[in-house]
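These notes concern the structure reproduced below.
By letter and in written order, the chains are A, B, C, D and E; residue numbering begins at 1 in each of them.
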Amino acid sequence: MHPSNPKSKRSRKHVRPGAAPGTLVGDPRAEKSRIRVLAFGPDRCEEREVTDILDLRQLLEAWPTVWVDVAGVGDVQTVARLGELLQLHRLALEDVVNVGQRTKLDPYDEHLFLVTRVYDAANGHDSQQLSLFLGERFVVTFREHAPDPFEPIRTRVREGKGRIRTSGPSYLVYALLDAVVDLHYPALYRLGDEIEALETEVLGRWSETTIHRLHSVRSRLRGFRRELVPQRDLLHTLLQEELPCMSRSVHVYLRDCHDHANQLVDLVEQYREVSSDLVAACLSQASQGVNATMRVLTVISTIFIPLGVLASVYGMNFDPTTSPWNMPELRWRFGYPAVLAGMLVVAGAMLVWFRRAGWIGANGDARTPAPAERS
Amino acid sequence: MHPSNPKSKRSRKHVRPGAAPGTLVGDPRAEKSRIRVLAFGPDRCEEREVTDILDLRQLLEAWPTVWVDVAGVGDVQTVARLGELLQLHRLALEDVVNVGQRTKLDPYDEHLFLVTRVYDAANGHDSQQLSLFLGERFVVTFREHAPDPFEPIRTRVREGKGRIRTSGPSYLVYALLDAVVDLHYPALYRLGDEIEALETEVLGRWSETTIHRLHSVRSRLRGFRRELVPQRDLLHTLLQEELPCMSRSVHVYLRDCHDHANQLVDLVEQYREVSSDLVAACLSQASQGVNATMRVLTVISTIFIPLGVLASVYGMNFDPTTSPWNMPELRWRFGYPAVLAGMLVVAGAMLVWFRRAGWIGANGDARTPAPAERS
Amino acid sequence: MHPSNPKSKRSRKHVRPGAAPGTLVGDPRAEKSRIRVLAFGPDRCEEREVTDILDLRQLLEAWPTVWVDVAGVGDVQTVARLGELLQLHRLALEDVVNVGQRTKLDPYDEHLFLVTRVYDAANGHDSQQLSLFLGERFVVTFREHAPDPFEPIRTRVREGKGRIRTSGPSYLVYALLDAVVDLHYPALYRLGDEIEALETEVLGRWSETTIHRLHSVRSRLRGFRRELVPQRDLLHTLLQEELPCMSRSVHVYLRDCHDHANQLVDLVEQYREVSSDLVAACLSQASQGVNATMRVLTVISTIFIPLGVLASVYGMNFDPTTSPWNMPELRWRFGYPAVLAGMLVVAGAMLVWFRRAGWIGANGDARTPAPAERS
Amino acid sequence: MHPSNPKSKRSRKHVRPGAAPGTLVGDPRAEKSRIRVLAFGPDRCEEREVTDILDLRQLLEAWPTVWVDVAGVGDVQTVARLGELLQLHRLALEDVVNVGQRTKLDPYDEHLFLVTRVYDAANGHDSQQLSLFLGERFVVTFREHAPDPFEPIRTRVREGKGRIRTSGPSYLVYALLDAVVDLHYPALYRLGDEIEALETEVLGRWSETTIHRLHSVRSRLRGFRRELVPQRDLLHTLLQEELPCMSRSVHVYLRDCHDHANQLVDLVEQYREVSSDLVAACLSQASQGVNATMRVLTVISTIFIPLGVLASVYGMNFDPTTSPWNMPELRWRFGYPAVLAGMLVVAGAMLVWFRRAGWIGANGDARTPAPAERS
Amino acid sequence: MHPSNPKSKRSRKHVRPGAAPGTLVGDPRAEKSRIRVLAFGPDRCEEREVTDILDLRQLLEAWPTVWVDVAGVGDVQTVARLGELLQLHRLALEDVVNVGQRTKLDPYDEHLFLVTRVYDAANGHDSQQLSLFLGERFVVTFREHAPDPFEPIRTRVREGKGRIRTSGPSYLVYALLDAVVDLHYPALYRLGDEIEALETEVLGRWSETTIHRLHSVRSRLRGFRRELVPQRDLLHTLLQEELPCMSRSVHVYLRDCHDHANQLVDLVEQYREVSSDLVAACLSQASQGVNATMRVLTVISTIFIPLGVLASVYGMNFDPTTSPWNMPELRWRFGYPAVLAGMLVVAGAMLVWFRRAGWIGANGDARTPAPAERS
């Protein structure tokens, strides 16, 4: 089993019990923030990397929809100033900085705040926190790392295909959430392939490492479920409730995205069931193995131990010269052949008994779990 | 255990995270679409295979109810043009093409869209996706394969028996769903027969393959439940909610169909319980077997090992000529018979002890799991 | 374990997927219908066996409450004509004929239809389907077999005791359902006695058959739960919902009947818990038995095997005449007693070790699961 | 395990399926009823034992609150006449007489009827049924046995302390229910002490009886839960619903009582968790013990069996005089010491192997579960 | 396993069944009360230790918000007089004195009463009861012990930072609850570190103590869940319901605090899953170990026992001089080498058989669970 860190130390909350709410405590190990702005209207779009936050104000005034993407949340100064400019709530900003939040949806008066985790296709086994603010005219996304999983969406905006440029910030939020959910597909399919390989292994010859890999697969499935179920619930809330800044026109798209999340959760459950079965099959085979081993030991021991005692008896040194009662058999003409024959009879009787008891097969061979039988 | 593919590779979603919604990505391995139209009114009906989609327009105008059946959804062109003609939603069409959807019900403004899986009686172990659109005057069904499980319904339309010709598209949808649900009966009954055979086997003599067949049965039962439970829930939604194009007059029929789905789910649960019991019975018998084996080994070993030691002692070569203390027994008149008697006494005492401890029966025979006792 | 048929073949649905709803398919193996009518008003009652269904019409017109009891539902003709006369819904009649329905309640416009299963006191291990129609002025009951579990109710009607003659069809339905529920009491109490006997057995000496009887009891308890839980839910629905033809004045009686159903379900759950405990106790005792067996084997083997080796060493035939190094012990004056003493020391040391390790009791006796200790 | 009677035979329902409802069937084994009346107003109170039920009428007219306490419910005559006088519903009276009812609350038009079970502090392991009617001006309690658990409440009425005399029948019902709930505290605390003692035992040396006592504790906890959970739910219903004769002014007190019931249920759950852990710990220790036993057996056997074979080889009687090939070793100068040395080498090599495999500790001693290690 | 006291004796309710409600029974072992008052308004604050309760009256009149903190609840006199002054309900005061209450929220007419448990950072393994009254202008907190976990909040009031001085008693309650919830973070993180250490141990070499520490961790996790889940639910109620004295303006803060509680519950669940996995991994390794041990025993025994019998046969003392049939082999020229060769053949054949059966590896070495393989 590989150590799994359900809550890695890096994402631990920097909390001082009793501290005032909305205190932004920077994580000195976090990356510096990098702000990319993508402003667009039905006809045009403008893409720019922003260093001075004041540049943003003018973009926000000029364009109908502005997407501000912040990579790296350790730079508390920048986050705080951005929050001030866009009037984001202090409590929400605290959650942005304290990565390791649960997937959640908090409506504030002027904006909608949501947090979720993005499966990190790049480094394959971890996820980063995505914090997202939706205002009337802007979307702000905060991510922990620089690598951008949303590049295909930028491309869609740049190329102006589909409804993305014309449908405002709500549709952009949908597109982002859809990408977040769909990122799980390739990862889950890879896991499915691994489960299939493990299945083949279990049916054939498996070893300790098979079990460890099964445990690792199950632990990763738990991780996926931990991410997907809250995302599904978040999408359900988005569909059910009247929320600020969220246009009802994207409902039909959110429903589709909700379907995908449901499908992924189903897939995870199916994989979990199959992997449970495989673990059970391994355990059952192992216990059958012990059983078979025991049976062989019993057959061999119970046949040979009495024979050994018989042989030992005639190895005793009682002096036949001192008494006619002392082992006269040793001087009989057919004493030795008779003993050998007696041994054969005892062994044969036991074999018959064992065969009747079902411990050895009809071919007189102890039922060992030969590879062919085991699969 | 046979490899089970809860989500076979063929039905995997062709998804590019971040792609625009409603993108129709064709599956090059899918069959070409074949469109059969069955248009009918109370008095007459017309059946036709359509190659030019424009022919459809005129049928739709001429008849009160038109059932368009499309076999094969890989031909994205055809699906898209059909969708345009009937004004089907792009997101729904995406689900038609991406087979492997969950059973679901999506109301759109102009039509009702539902997806479910049809148990494939023909190739017996798999199911295909059925996508169904219900409009004011038409029903469109998309299926993955050519073999048609709905032939009996066509016959009912052709013969004009019962209410099918007079009750409009809603009743046709009911008839299709009822067929989908009822297709599980023969398959489940076959499974029931297999479970009964396994039960007889477990009560008699079973082997490793019995366990494997039990696991396979349980895996198939899981598959049935995975199909039936969402279908039952879909029927429940159809009964509970006011949906576009769905006439309330078919409610009494849908309730009947809902009952069938409930009955099937109950049947699956009962079979699951019985199969669980059988697995438990096997495990318990196996562990009883180990127990019995251990007991025999113990009885034989504990009786004969001490006897062997006794015999070995009198096989020692201490020289009686050098000392009167060296094994004088060897020269006694009744030394040998005394040792043999001592052996019998030891063995007898042990047998008495074992009988008191309940390890061997009153008839002095070790309690082995003879076939008759085991069942 | 006895083969349990959760869904016996006889009660399998005769379904052709895609067939029109309301098709009555007769079961050729079913008994011929026998129709008994009991018509009554506050003052008088008339009881008659009806062969011509048309006779019924006149009874229905003449009496305020008419109870039509049909035994045997394989005679599809009779069922269909009765349905026509009383305007019973075709779908409901289909359920009457297809025995093996779930307990359910279907309100139709003109009547209430309910199906449940009657525990068959006569043949003790099976149940038959009871289909019941409640109209404004009639109650129709369809049963599979001739033996009538409702005779006490007939007697109450005949004798005119209590409210049964004055309270109309709703009260008659209550009386029938109450009898259906109460029929489980004696059967469950018998099962309770069996569980108690098994408990005594498990505390004393139990064998394989105890386990099998426990499994059989658990399987029957599952059967009872499968019948009782839906009946309880049906009664709950009757209490909660406004239903056609069901008078609110019997609510207080239905509540009492609902209480009985609840009590029975509780009883089943309690019995299930106790039987689970007994199974666990058996398994635990069996595993303790293996443990004790192992310990005895270990004690005996580890004591005697080294002694045997020691004896074998002095049974070697090295020639003491060829070398002073070859087993000079054999010629020592006290060689033999020394070896015997050495054996005793080895055996004693091992006993001390085993006692310290807790494998044998203070009285030097290996801890075997003697009967007295086991209970 | 002690036989537990979840539903003792004494409390079995005397039911004849199909009998008319409200039939009072007396239990000939029940005690004769003894009726004690406590009538009180804000200023005074009168306590009297009543033999003629007609005396009651006059008390009921004279006092604002009358508490009629009936001990023994087998005297069906008395129960029936009391019911007539106070206009209690026949169905409720049937439940009074048929002890063994579930905890429940039935509102009738003129009064509230509730049944619950009173933990019987006196005979410590059983509970009796308490049936309670609350009318506008009276409270009637029926108990199975004479010993009165409500004496402290009588004292409070007599002394006129607190609100009990001034707050009417509803408050009296609260006081009774509160006493019923609180009676579980001492019993549960005693069980807690037993669990603690068992915990200490499991950590040290435990035997079969520990397991049996654990099972008995778990069975009693199940009994407590079976009583407490319905009582908690009954109190919840009393708090939530508008009920006849129940004054809202006692709600704040009922809430407190509901809290107590919740606390008791929590306590039971905690005890159950701890006892589950203890059972698991026992099982795990037992299985560790088997493991250790196996290891010792293996170590001893695998070391000594080969040595025994070696010794046996040189105990063979091949005649060295007939052939130079026949065991010349027997005549070598250092044959015997060489064999002994060979034995030591074999034993030493095995010990090294076993130590590497982790079967024996660094001190060369097989890892036996010595008492100190086990705790 | 360390004895865990889910309900330590100290916190047991001092209840006399049947006693009048609101009776304050002092716990003679409890500490004397110490009352600290912190009164504040937007501009100033006053901190004082109060000995005469009448001093309080004047503070309550003078300041907009007064926080009365009482440490030690055994001094029933003080509690009662405080209750009288502030008109706190008798039932609530009873809960204050009877520590060991469940986390709960009771709205009274004039004030809100809530009870919860505070994780005691100081003595690390126990928690104390916090009872809190919220009135229009005051907050009263009762704690069991003197050490004050709320010092950081006092500091915030003194320094007047943030909204704490200006937002009234509701905000103070939020601040207190937030501190109560956040106190679990460091404790849980410590537990997380311990789990990680255990994980490393399990992957390498673990012993009995590893299991015991795992059990202890699981028991502590259960304790955390028992505290956190009710706190989360209490916060949920505070968010959902309209409660007396609770200002809606602190909702956004309470939501944040609710999030923290949710996060902590999630964390506990994750830790529980990981620890379950570790326990399962230990059990599986232990059972693999038994398996391996069995296999070695079988291999050695089944090879050497037959060899021993063979050797014993030729150790028999049949007299070759009396009969040509008596062991002529002993005088053959190559008798001895032939027997040795026969032994090698038998041993070799068995090794080949065992290798084919998969019991020993290709390198002829029995598959023992060497440390490297085990991890």
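Rule of thumb we're sticking to: a residue touches a chain if its C-beta (ideal position, glycine included) is under 8 Å from a C-beta of that chain, and two chains touch if they have at least 3 such contacts.
No experiment lies behind these values; they were computed from the predicted model shown.
Undergrad: In this assembly, which chains make contact with subunit A and also with subunit E?
TA: A chain counts here if it touches both subunit A and subunit E, and no chain qualifies.
Undergrad: Compute the shortest path length in steps from subunit B to subunit E over the network of touching chains.
TA: When the steps are counted carefully, the minimum from subunit B to subunit E is 2.
Undergrad: Between copies subunit B and subunit C, are the contact residues mostly the same numbers or mostly different, with half as the line?
TA: different
Undergrad: Roughly how far apart in rotation are subunit C and subunit E when fitted on CA atoms, stated in degrees to the nearest 5?
TA: About 145 degrees of rotation relates the two copies.
Undergrad: What is the distance in Å between the mean C-alpha positions of subunit D and subunit E?
TA: 25
Undergrad: Would you kindly tell me how far, in whole Å, the mean C-alpha position of subunit D lies from that of subunit A?
TA: 40
Undergrad: For subunit E, give me the residues that contact two or more of the other chains.
TA: Within subunit E, residues 287, 290, 294, 297, 301, 305, 308, 312, 315-317, 327 contact more than one other chain.
Undergrad: Would you identify the shape of the chain contact graph, picking one of line, ring, star, complete or other?
TA: Chain contacts: single closed ring, each chain with exactly two partners.
Undergrad: Across the complex, what residues on subunit B touch subunit A?
TA: Spelled out, the residues of subunit B in touch with subunit A are 1, 3-7, 12-13, 15-22, 89, 91, 94-95, 100-102, 104, 106, 108, 205, 208, 211, 215, 218-219, 222, 226, 283, 286, 289-290, 293-294, 296-297, 300-301, 304-305, 307-308, 311-312, 314-317, 320, 327, 329-337, 339-340, 368-371, 374.
Undergrad: Of all residues in subunit E, which touch subunit A in the complex?
TA: These residues of subunit E touch subunit A: 149-153, 156, 161-162, 164, 175, 178-179, 182-183, 185-186, 189, 192, 196, 199-200, 202-203, 252-253, 255-256, 259-260, 262-263, 266-267, 270-271, 273-274, 277, 281, 284, 287-288, 290-291, 294-295, 297-298, 301-302, 305-306, 308-309, 312-313, 315-319, 322-323, 325-327, 353, 356-359, 373-374.
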